[in-house]
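The following pair of complexes shares a single chain, chain A, combined with chain B in the former and chain C in the latter.
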Partner chain A sequence: MSDKKKVRIAFFDFADCEGCQLQLTYLNLNFLGLLEHCEIVNFREAMSEASDEYDLVFVEGSIMRPHDEERVKKIRSIAKILVAYGACACTGGVNGLRRRFTDDEAKEIVYKDRPWTIEAGWPRPVHEVVKVDYYIHGCPTNNDETVKAVKSILLGKGYTPPDYSVCIECKFKENVCLFEKGQVCMGPVTRAGCGAWCTSSLNTCYGCRGLLSNPAEEGHMEILAKHGYTIDTLKQKFDLYNMCRLEAEKNG
Partner chain B sequence: MRYVYLAKSDLDALIQHLKKSHRVIAPVKKENLFILAEVQGAGEIALKYIPTILPPKKYFFPPVEKLGSFKMGDEKMNSVNMETQPTVLFGLHTCDIDGIECLETVFHYHPADPYYKKRRKSLVLIGYECMFPCDEYATCVTMDTHNPKAGYDIMITDAGDKYIIHMNSEIGEKLIGTCLAVSRTGNDADIKFELRRLREEKIKKFKTILDTEYTEIHDLFKQSYKAPAWKDVGKRCVSCGNCTTVCPTCYCFDIQDEVELNMETGERKRIWDSCQLEEFATVAGGENFREERSERQRHRYYRKFCYSIDKYNKFFCTGCGRCTRACVADIKLYETLNQLKKETNNV
Partner chain C sequence: MADMLSKKELNINVEYLTRVEGHGNVVINVKDGKLEKCHLEVIEAPRFFEAMVRGRSIFEVQHITSRICGICSVGHCTASVKAVEDAIQYKISEQTKLLRKLLLHLEILDSHILHAYFLVAPDALGVKSVVPLIKTHKDVVLRALRMKKQYSDMCDILAGRHTHPISICPRGWTKLPSRKDLEKMKEIFLSQVEDLKATVDIFKTVKLPIFERATEYVALTHPNEYALYEGDLTSSDTKELVKPRDYKKIIHEYHVAHSTAKHSKNARSSYMVGALARININFDKLNNEAKGVADALGFKVPCYNPYMNTVAQVIEVAHCTYDSLRIIDGFLSKGMDYNDVVTSWPTEKELTNFKVNAGTGAGLVEVPRGVLAHEYTVDDKGIVRNANCVIPTNQNLANVDLDMQKLVPEFIDKSKEEITLLAEMLVRAYDPCISCSAHVLDVRFV
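On to the complex of A and B.
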């Protein structure tokens, strides 16, 4: 492989916590394996060098302000392949909640008594601004899936994340269903691929990988309502990671 | 002699005897439910249990199974060096033994599945007869799976102060034949009579919750393809896929290839799939043959009660009730069937 030209990979972050990039530093030996086939030229989280020549780009974070928009457009114009990496990039993630408020309301909540404010921006998943080739979902992303996706992209096959519910992976692990225990769970309408990470670790599914492409929203609302949840709680559960999409659907 | 007794206090002695030659898998408690898992002694076993979250099929046909390996550019896949371990599945309900019979039918149907075949050979089935109904969701009496009939090596029946052990195969006889804990004081005719009386008594505790008789179910489905019930079921279903994952007779799978980090070699795996998932019936070009949830649910029911009769002359529902228990939307198999019955009566 060494005589082959290595694929140049770059990571860029926008509005996010950079937690998904941080996940990559836990890849350990897998990371070294991947480096046989690619060269990392931009990775703020783990190196200080930077280059503007790259083939495969991972964009992390939501696009908020006009200059973010310009920046991601420039990245897109250089990159051969662009991957939306992590919930903020794929669905808008928790940043989407900002869409509940006007600019002034948002500033009031965040900056309240401070003498200065900065531009609030309008959260968008990357595909609302530039073309996205592939998606790696999650908050944070799951390294097993990331490695699988990167291998598949490097092979030229691309990557399609699962479009079935977290319940599939949760049942494979023989977890006792959270509904059985009287808890609320977004698993039935949330995209799998995480290996039922949270529900296998005494947690619940928050829906971080986003809704399925065709979720049975009404059916799920009915299930949650049957378990005694109010419309308000239900809306919060759905909005947490899906606000951008739900709002776009509402506005046609 | 095919029937012997075992003192209740000697159950662990039997398990220890089995363990000399086999790994022992049995139902164990997991929170408020049960799973099949490896045990070291009788104390860990939950003999009184409702059907485990996943059925025994996970030992015959694992959720994710390696089929072989490949090298990029090669024309043929290398076959996998499959290692199996002699294993006893202990304490299986009779409905689950019927489920295994369904898998037997499918995987041995021409051409036989080599992976299944190899795993099957390493497994010994020891049943534990149900003397009480599991809960209000099981339909085993209608599906006629509540009594031991066939498909097991050994069956254990609780006869009050002792267990009756029935050896139903050569391996069963061999395993029990070398077990010092059993008592050979009875004779087959007397024990068979005792079992008949026990079964006459136990059936009084079971209720039938299906309004259709075993012999009428196939006809009911022949008339129900356009029944309104499917729309109702489809409206509630969220396509989570729980019903098919937990079903003892669902066997659909997907095949996926994944390369190693060297990008030169890789593995081929098969993974349980589900007809309830949106992508399942989608073909090249994007056409989906069962786009609606109602169509997908109907398909599932027809695979259990109609198509399987047409093809194998066997129902592929064992009445275990797992799909009803696992459904997050509370879709109940017996309610659907009873609704179908009502709707055909009205026509």
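On to the complex of A and C.
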């Protein structure tokens, strides 16, 4: 690696909470180790230096306004590899909840009688705007997975996130199933990779890593029916993180 | 602003201000010797959280509002669960309250250390970011990373993780720390004594700009403690005590013609919230360790220099560290009630004929950047019908602008680069969190 040119990495954030970038500050010494193989050329939250030359780009956040759309398209045109980093970028995240309202309704709720014209935009995951090469899911992302994915991408092997359910990881943790405790959990249909983070702290899975590519929806329904829940309970749980995908499927 | 300035023309436009949380621009414009424009503009896409939580269950609203901001997620969760409990008239246990206080301390510690070391120190040491410091001040960088990692590890122990904590829910805690966990946390805090000392030593040498503008300070206040988790809202000007539900008696949000951003004021045209405001109001309630740090750093109240907000944060680091130890020691000596846990959602059983008291409630909490208010109206099915969130950064916006409008004429003889840096440092001193603020701010293009 020493005589090779360092890989130039850039981070860009759009509409989100920046919590996924924040995860990187917890990497501690691993973070410094990473700097020996690559050079961070853009990380606005932590650095004033900035460059327009980069190889590997992490895009965090949902794309909302035309202005953001242009910006991400420019980033895509420069980047060799673009990674959607975190739920807002990968699936639209909780920003998708905004899609339950039209622009005017949303403005009315938040800005009430204010006459200002504001540009609300429409929340979209990055892949609805530009091509995404790799996905690192989660709200927030999990550093174990991020390190694994970045290493693999730097080695030229790419990264494919797990396509099995959170239940698998939850079973490995020997957790008692939350349905047995009278809770509704999104684990059965949600993509693993978080190490059953929430369920291990005895909260339910909220589905932040998105639906599996082929979720066992019927199985999930059966579990719900067995415990006496209605389809409405499920629907509300589903759209917390999956609004954009549900709409995309509805629209073919 | 009407005074003629010695410099006839000056145009500063810092786009995408760095080393702040979120997207903002600094705009300064002097034309014909007059200061025409001088403010911080927020350019982050608005996210409409008040719309996002409408129609959602009170049992997931803290999960959603936590996503307003990664850095302040504990604060948003805490304000959110308090607002829900106030709306449905639910009383939590003393143990839950102490756990929340401890978690809030950890977020304040983590955020203040991030701000002081990564966002402020580079300016003081004349570099653009923390990255060059890895070569020149490796021990300093390693210390900051170590402390941050320790706070994060302790959040993991206490709430599953720091960013978007898992165990904190309406009604209580889902998973309690074991005795071993508590001992581990105590050990980590005790191991930080040297790092704390070194942190104070750094801020003895850091030279902050000398600039003063007396303003009104707003914070929570409590008769028995340094108010962070709970208290009445008060102002340094009016000294009135306002119950959380009546927060609008002090926090007057308003719109100004020259800007589309929502500002706040009370007795004057602006006020300040955050560490400096809290210490100016509640200095006597700080613990002795924190007062010792204030002494060592030559900090005296009232302090009217906004750049000193970072010093106030360092003082709070000492306060929160030793108050956390006090809480942990209490748990260790009295033991925890391991039956005092809740499920994050009502159980199957509870859901039969599920009903709560409908009503409106408010949760006010001091978070790293100042007082945060969440207010929800909840129906008897536990669905949020209306929400309002008042963010510390928004409350500070008017005050930042007024500071900048005093600062620029005072330093007008300096070079454009020096003025730019001073203005950037001023904005950073407030530790603005623009992700938070953008949930209600309009967008203004430059």
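Structure notes:
Here, the second predicted complex is superposed on the first by the 242 of 252 C-alpha atoms of A that agree within 3 Å, B and C clash if a C-alpha of one lies under 4 Å from a C-alpha of the other, contacts with A are read in each partner's own complex, and residues count from 1 in each chain.
Heads up, the rule we're going with is that a residue touches a chain if its C-beta (ideal position, glycine included) is under 8 Å from a C-beta of that chain, and two chains touch if they have at least 3 such contacts.
All of these numbers come straight from a predicted model, not from anything done at the bench.
Here chain B and chain C are compared by how many residues of chain A each touches, and C touches more. After overlaying the two complexes on the shared chain, residue contacts for A:181 are found with chain B and with chain C alike. By the document's definition of touching, neither partner reaches A:7: not chain B, not chain C.
Once the two complexes are laid over each other on the shared chain, residue contacts for A:198 go to chain C alone; chain B is not touched. Of the two partner chains, neither chain B nor chain C is touched by A:136. Of the two partner chains placed by superposition, only chain B is touched by A:165; chain C is not. Looking at the shared chain after the overlay, A:100 reaches chain C, while chain B stays out of its contact range. In the superposition on chain A, no contact is made by A:59 with either chain B or chain C. Common to the chain B-facing and chain C-facing surfaces of chain A are residues 181. Every residue of chain A that touches chain B in the complex is listed here, in rising order: 1, 30, 33-34, 36-37, 147-148, 151, 154-155, 163-165, 167-168, 171-172, 174-177, 179-181, 187-189, 212-216, 218-220, 222-223, 226. Residues of chain A touching chain C in their complex: 13-23, 25-26, 28-29, 31-32, 35, 40, 43-50, 64-65, 67-68, 93-95, 97-98, 100-101, 105-106, 109-111, 114, 116, 118-121, 123, 139-140, 181-184, 197-198, 200-204, 206, 227-229, 236, 240. Interface of chain C with chain A (complex): residues 16, 18-23, 44-57, 60, 63-64, 67-71, 73, 114, 118-119, 122, 128-131, 134, 145-146, 148-149, 152, 159-164, 166-167, 169, 174-175, 255, 260, 341, 343-345, 347-350, 435, 438-440, 442-443, 445.
Put simply, chain B touches chain A in their complex at residues 30-33, 35, 52-54, 63-64, 235-242, 245-246, 258-259, 261-263, 272, 274, 277-279, 293, 326, 328-330.
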